[in-house]
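As structure tokens, here come the structures.
Two complexes are shown next, each including chain A; its partner changes from chain B in the first to chain C in the second.
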Partner chain A sequence: MTPMVELDNVTRRFGDTAAVREASARLERGEFLTILGPSGCGKTTLLRMIAGFDRPSAGRILINGQAIDAVPPFRRSIGMVFQRLALFPHMTAAENVAYPLKMRRFDPAEIPERVERYLELVRLKGFGSRRPHEMSGGQQQRVAIARALSFSPDLLLLDEPLSALDRKLREEMQLEFRRIQQELGVTTINVTHDQREALVMSDRVVVMDAGRIQQADTPAAVYRQPSNRFVASFIGMTTVFPGMVAEAPEGIGEIIVGDVRLPARLPAGGLAPGTAVDCGLRAEQVRVVAPGAPRPETTIGGLVERRIFEGDRLVYEVRVPPLGNLTLMVFDHDPATHAEHEVGARVLLGWNARDLFVFPKETTENATRQETGPAS
Partner chain B sequence: MRSARGKAWVLWSMVILVLVTLALPTLVIIGASFTSGDIIRFPPEGLSLRWYRALWDLGGFRAALGRTAYVSALCTLIAIPVGTLAALALARRRMRFARTIQVYLLLPFTIPLVVSGISMMMLFGEARVLGQLWPVGVALCLINLPFMIWAVSSAVNALDPELENAAMNCGAPPVTVFLTVTLPAVMPGVITGALLMFILAFNEFLVSLFLTDSRTVTLPVQIYNSIRNVITPDLAAVSVVYIVVALAAIWVLDRLVGLEIFLKSK
Partner chain C sequence: MTADAPRPPAPAHRLPLRWRVMDRIEAVAAALWPAAFRRATPWAFLAPALLLVGILLIGLGYVISDSLHELNPATYRLREEYSLGNYAAFLDRPVYLLVLWRSLLAAVLVTAITLVFAFPYAYVMVRTRSGALRKLLLVSLFLPFFIGQVVRAYGWLIILGKQGLINQALEGLGLPAATLIYTYPAVIFGLVQYMLPFAVLMLAPALTAIHEEVELASESLGADWLRTFRHIVIPMAKPGLVGASVVVFTLTLTDFAMPEILGGGTNDFIASTIYDMFFQLSNPGLASALAAVLVAVGSLIVALVFRVAGTGTLGLRSGS
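Then we have the complex of A and B:
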């Protein structure tokens, strides 16, 4: 089957900087794809090209297997929620939602009922007669969502549609969105810099940085098998530190960090001994091992330097002298059931070898690109 | 707390002072127009509508008022499409002559109206249309058009270009986008500009002086002519007519656009 949307080496340059670089991706019919990346990495630029407000400087975009360069935006069956919403200020919420229906020649008798249904879907029943400036930011955002969905587009583009909502409503809307999307079966591209949202809502996640697609995979794979240092550190709270390959059999090898050798999962294809690498360790995968408890594969002693209470978890910053005085972050998700560790306390940290990510050191070109990339 | 109240007090006194200063001449002239005496003075001697009557009976006045209304309407009707499109083009298109046009927008402040008046008199004389009324309307539109463009430009600049993208995304072709989204969004500017044009044309004197003769004389020129003879209270009455026209314009503006748009940002 031809994919719904296909990006073929899409590049968009503004002057001498490129907002999107050689992006290639495929989106199947009915799929929910999330583009995740830091501010300024080119997410909006990519969506605008798909919607037709902007054109690639190089490369092609295909929808249903057809190159769409020549199709003006108003002939594309694409609903979009804009980052700045772009509600029509002189129309009421209901008129906003009805606008695409009128423009797309829906049966006039059917329009009021449809408007009502979509306002209800975004929980704005009774708000139809308000103007946008008479509504809160979150309500406006939901009008924009209803407007984008009301005409049953083939493709839905969401540019951070939930960013103005408070956390509780946002999390509710994430699940709601997923439900609506599955119910209507509409192919969706969502943009966010909220990793939780990306992981919760999507069939697939595309991680972008500095205009480049870093990884495109299922949420679980992006989380468990990040393909490079950027993805590993962008998703989750990850401590990244340098090391060197000591031994490299297939699968689990050993990395020298500081004065110790740590067993680690090496990337497919293996690495030659002596290769400089970046290692990554997620805070949620490191545990404080209680005395007498079963030990994970790797254990190492450290000193608690800081303790941060975050409500649903405690975060410890633990300095580990054998790892070259590296400071590791450790979560304790269940602090109520055992003693908290004071600052200065000696603790034993442990993790499993497969949770230690190893990436070949990035070339200088890549490394500087990440550091000097568009400021966020 | 105290300092806040002190500040409010100072602010209010200043506001009242300004309002009184601004309103005083108007109040004086309104008062003077109701005099029953023979000379223009404040406070008026007795109250009557005598001078309004006199004004109304003056054949020249009614005709001049009618001509002024015609000229102002013509000027406004031309200014609406021309000014609106010009403002949109200026804001949206990178134009090659943008610089030139900006200079043109400053013209009302740089070129004395006498110069405009003389040059237009020569121009219309050349075209053999001098002595008719419509060229006066066109001339008033020409000299005041920058005000129209300004009024619309401010609305265009406040318009988020993403709105037009959103409309296109909803399936509207460019002309429909213009009619259903762009135009309504800049409408407050268009209405403001149109009323401004009307009032300016209604009041315009110098250029009209060059372009009118005894058969096409407009109200401001008529007033000037009668001042040269004697100053009688009917002049105060004419002034009140002007004030009424201005108030009517503000009322229309309020009904159509809502004054709060001008007093605070949306």
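Then we have the complex of A and C:
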């Protein structure tokens, strides 16, 4: 079956700078894909090209197997929810939802029924006669999504529509968007800089940086097996530090950091002993080991330098002398141990060998290395 | 220095100079305008505007009062007794109605034509991504402002006149000379050219307020450029359109210089007639009556526009 969307070496240059470089990806029917990256990484440019508001400088975009470069946005079957929602303020919610139906010349007899159905889908039954300014932020979001879907587009694009909402509403709407998407089975591309949103909503996540696709994989794989230093440090709170490969058998090898050897998972394909590498350790995967508790695979002693109370967790910054006085970030979610470790206290840190990421030291060339294609 | 608040403890380090200057200014302001007067502050700011409107209203009162006294041809003074004679004269003499009609028609025509030209101009100026083009459009807009209406009208005389540039060119081509000035279309032309900057300046903020995403949304929902314009941009630009219409309409209705210079006395507007009545015919009674009619007709039409379009279009949203 042809994929719904296919990006074939898409590049977009603005003058001398490339906003998107040689991006290739495939999106299957019914899939929910999130393009995740920091601002300026090229994710919005990519989305605008798919929507038809911008054209690639090189490469092709195929929708349903058809190259669509010459097709203007109003002839594409794409619904889009914009960052500022872009509801039409001079129309009621129902008129907003009916707008694409009128513009796309749906049978006038069918329109009221469709408007009703899509307002119901987004749980706004009875709100049709309100104007956008008479509705709450969450309700406006729902109108925007009903409007983008009412004409049954092949593809739904979301351009960070949730970024302006407060956290609680945002998390509620994430689940709501996902519910609607799954109910209709509409193929969706979401763009965000919010890693939580990407992990919660998506079937697959494409991580972008500096115009390049860094990794395309399931949320779990992007989180557990980041393919390079950028992905590891962008998702989660990761301490990155330099090391050197000591032994490199298949699977778990050993690296030298400071004065010690640490077991670590080496990247597939292996690395020669002596290779300089970047290591990454997620704050949430390091534990403060209580005396007498079972020990994880790797343990090492350190001194608490800072303690930050964040409500549901404590964040420690722990200096580890054997690792060349490296300061590790550690999240402690266990309420039983809260407030036990004062600044200056000696603590035992522990983690499992597979949670210590190792990437080849990035030169300028492979810093922009590209990882494409869906997970196998 | 105010004594009502205890001085804050001196900070250990010196505050930045700008803070200290601001503190001084605040202390002086507090001494000159104590807190008890604070509630009056908004009214104090409103006072000049109220004063101006008040004086205008008093002047209008005098005009209306003068219009109710007929001229005594023997003494060239207004009679003591009140009468509606001036208004009767206005209705009686077809020339006054013709002049009023001519002014109203011009106001409608100029408003319509100006908006047609101003809308795309303002749209391009607001939407262009090229800073150079935006600057060029802005400068072209403001440059005529610095020149003034009378000089510009004379400029048109040089171009359009009997011996003007266009007629010289026609002559050079062996074509008969055309009458381009002292006609109604010439007056309309001059007025449109004069009003264009006002209309663009009223429209630009309204168009700026329409975020580009709204137009993109309309396109992605299936509307081509033309339909986006019709269903989204124009309705959303309504405040600007109403504002620009009212400004252009009233300025044209009461315009004096353009019909005077480009009409050459053959196409007088009501303002010229009022002027002549005051200063040539020395009949302040009838002149005041004409002025009162002009104010009434203009106000009525503007009130009607707001009634239909809603004052909300000016950004004054009512309760609902």
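Everything below uses one rule, namely that the second predicted complex is superposed on the first by the 331 of 376 C-alpha atoms of A that agree within 3 Å, B and C clash if a C-alpha of one lies under 4 Å from a C-alpha of the other, contacts with A are read in each partner's own complex, and residues count from 1 in each chain.
Just so we're on the same page, a contact is a pair of C-beta atoms (placed from the backbone, for glycine too) under 8 Å apart; a residue touches a chain by one contact, two chains touch by 3 or more.
The structure presented is a predicted model; accordingly, all values stated were derived computationally and were not measured.
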Combined model on chain A where chain B meets chain C, clash or fit: clash
Chain B versus chain C as contact partner of A:99, first or second or both or neither: both
Which of chain B and chain C A:86 touches, first, second, both or neither: both
First (chain B), second (chain C), both or neither touched by A:289: neither
Contacts of A:72 with chain B and chain C, given as first, second, both or neither: both
On chain A, the residue positions that both chain B and chain C contact, one per complex: 51-53, 72-74, 78-80, 82, 84, 86, 88-90, 99-100, 103-104, 147, 151
Complex contact set, residues of chain C against chain A: 211, 213-214, 216-224, 227, 231-232, 235-236, 238
Residues of chain A that touch chain B when the two form their complex: 51-53, 72-74, 78-80, 82, 84, 86-90, 99-100, 103-104, 133, 147, 151
Chain A contact footprint on chain B (complex, rising order): 160, 162-163, 165-174, 176-177, 180-181, 184-185, 187, 266
Complex interface listing, chain A residues touching chain C: 51-53, 72-74, 76, 78-80, 82-84, 86, 88-90, 99-100, 103-104, 147-148, 151
